[in-house]
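Below, subunit A partners subunit B and then partners subunit C, in two separate complexes.
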Partner chain A sequence: MRTLDIEQSASTPRIIFQPDERVLLIRGESYPENSFEFYAPVAGWLKEYLAGESTLNLDINVSYLNSSSTKCMLDLLDILEEAHCKGARISLVWRYDQENPRSLDLAQEFQEEVTLPFAIRSYQEEQS
Partner chain B sequence: MDLFLLREQFTKDGILMCFNGPFSHSIIEEMGTAIKNHLAAENIARMAVQDVFAVYIEMTQNARNYLTRNQIPIEDTGSATILIAKHGDCYAVASGNVILKADVEKLVSRIDRINAFDADALKKAIRQQLRCDVLPGEGAGIGLMEMAKRSPAKLEYSLRDIDDRYAFFTLKTLIRRAS
Partner chain C sequence: MTPMEASPPREPADDDLLAEMRLALEKAAARANPLAPDMERFMAGYRKLLRCFNKTVSISDRYQSQLMEIKERFEVTASTDLLTGLANRWKLMEQLAMEQSRAERHGCHFSILIADLDHFKIINDTFGHQAGDRVLKSIADSFGHELRAEDLCGRWGGEEFLILLPETGLTKACLVAEKLIARVRANSVPWEQQELKVTMSVGVGAFSRGMSLDACIKLADDALYLAKKQGRDRFAAAQ
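Then we have the complex of A and B:
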């Protein structure tokens, strides 16, 4: 299994696969100079992983996505959805900030695009 | 060069930040971080901070992608003017850059079309655009719609003739300070 570990920068999120729990973490903000270039290796990794494995949990905490990153995120979700429809065990948690209504809208818009288990949790309820 | 006059002008127009010159992705990133920190320290809704930032990012990336894609030479024309100002109970985010006259009509009709949408139609159009295959660098459509989604006002634009080849395009978006 190939590892995936992308360092965080101001305009790109940390993306790391933790093999023990089979969790793919995505954390930070996303407005790269070239979103398609940035996300291509992630999409490549996902396809390769899902060709051999059937369990993947995503933990996403991205407070801002520019428009081209939103499109790339949708492409990643499509890959996951396809695996889900073929019987893979995919689950996703999307974390958002209750004090920022836009971040909930964003989560819900992505949720509407797929049928795989997609939970939306606020930072606030995590802490309480 | 009279910095006092420039400063008076800035104060009069409520300008918080203004950049003029050639810009790179790292300048966009640095200024964006500065804007976010500045706004976070003001007592405004978190949504407003994010909306100003989001509009700023879409605007500057649109301008940069356009200038790069059309290989507009940095020396004379390949720079942009970016401004953030307080306008009553709103923030104004504006950008200005040179565009090819040949592109004016397409751009203007695109903005007029977006301005004609109500909130629901805009949401649908964004979704539709996200779902169609756009070649990298041919975006702009979604960026403009994202700006419109966050603004209580229509997207405001103006054009000024430069010469036979170029025009100067200015785009302004308002963001409400309180939610």
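Then we have the complex of A and C:
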């Protein structure tokens, strides 16, 4: 299995796969100069992983996505949804900021897009 | 927190073009057109794209609203003095420049007051900075009672305030100065079984056309110096 480890920058999130728990972590803000270029390897990795494995847990904590990153995130969800429909065990936790009322609405917008298990938790909950 | 369960199926996206495609597909299917399966595939692809597009737009709008809210918050913070809640020096300068250009264009006048608390250092040195901050805040709060909505009062420096009075000549500005001084004189802040009291001196300057802002501020500053020299707890006007 290929590893996936992308360092965080000011405009791009940290993306890392932790094989022990089969967790794909996405953390940070996302407004790269070229979102499609940035997310292409992630989508590629995801497809490759799901071709061989059937369990994946996503842990997503992004406080901001620009429009093109939003499109890329929806594309990633689409890949996951497809795997879920084919019987893969996919689960996703979307972390939102309790102190930002819009953050929960946004989480729900993404949640609406998929039928796979999609939990919304505050990231304050994660820290405590 | 929402439970970790699979959600109901997604609502399919729809628009006029999709409705048209559906009709065409029905016709094609009825005529056993060999392209019908391809048309169906394209239609499904289009529907997916449409849904993704609509979603991207609505999510982006939310993120943009979020950014706008943050921006508004920053604008308030950037123009407010944190301790007193009054305008800060940056905001004052901005408003002074606006008032100056208005005065130049429309020939209206305005005055400024520069107010300085007398011997304020003694409060800080004797009772500590927390006591000093409490006094500053209390005095800043009391100014609101004497000012109109269009006036702007800000913290100019440590214990210095600048008050911008639009459409106000020197005589009226002196009346305002007198009232503010009386407010400060009457103000007292309870602190460790004592009442902290201060007085304030004010310099009044009226803007006249052709004058630079710096010159107008200097007028008020020089008048303040005069008020201090004359014994404090009073105002002086620049003639």
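In this text, the second predicted complex is superposed on the first by the 123 of 128 C-alpha atoms of A that agree within 3 Å, B and C clash if a C-alpha of one lies under 4 Å from a C-alpha of the other, contacts with A are read in each partner's own complex, and residues count from 1 in each chain.
Rule of thumb we're sticking to: a residue touches a chain if its C-beta (ideal position, glycine included) is under 8 Å from a C-beta of that chain, and two chains touch if they have at least 3 such contacts.
Computed from a predicted structure; not experimentally measured.
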item	value
Superposition on subunit A - do subunit B and subunit C clash or fit	clash
Touched partner set for A:Phe36, first subunit B, second subunit C, both or neither	first
Partner chain in contact with A:Ser91 - subunit B first, subunit C second, else both or neither	second
Touched subunit A residues, subunit B compared with subunit C	C
Which superposed partner A:Phe110 touches (first subunit B, second subunit C, both, neither)	second
First, second, both or neither for A:Asn57, with subunit B first and subunit C second	neither
Touched partner set for A:Asn100, first subunit B, second subunit C, both or neither	both
Which of subunit B and subunit C A:Lys71 touches, first, second, both or neither	both
Touched partner set for A:Ser11, first subunit B, second subunit C, both or neither	first
Those residues of subunit A which subunit B touches in one complex and subunit C touches in the other	64, 66-67, 70-71, 74, 100, 102-103, 109
Subunit B contact footprint on subunit A (complex, rising order)	10-11, 31, 33-34, 36-37, 63-64, 66-68, 70-71, 74, 97, 99-103, 109
Residues of subunit B that touch subunit A when the two form their complex	25, 29, 32-33, 46-47, 50-51, 53-54, 57-58, 61, 127, 130-131, 134, 136, 139, 142-143, 145-146, 150, 179
List of subunit A residues in touch with subunit C within their complex	64-67, 70-71, 74-75, 78, 84, 91, 100, 102-103, 105-106, 109-122, 125
Subunit C - residues contacting subunit A, complex	1-10, 48, 52, 55-56, 58-60, 62-63, 65-67, 69
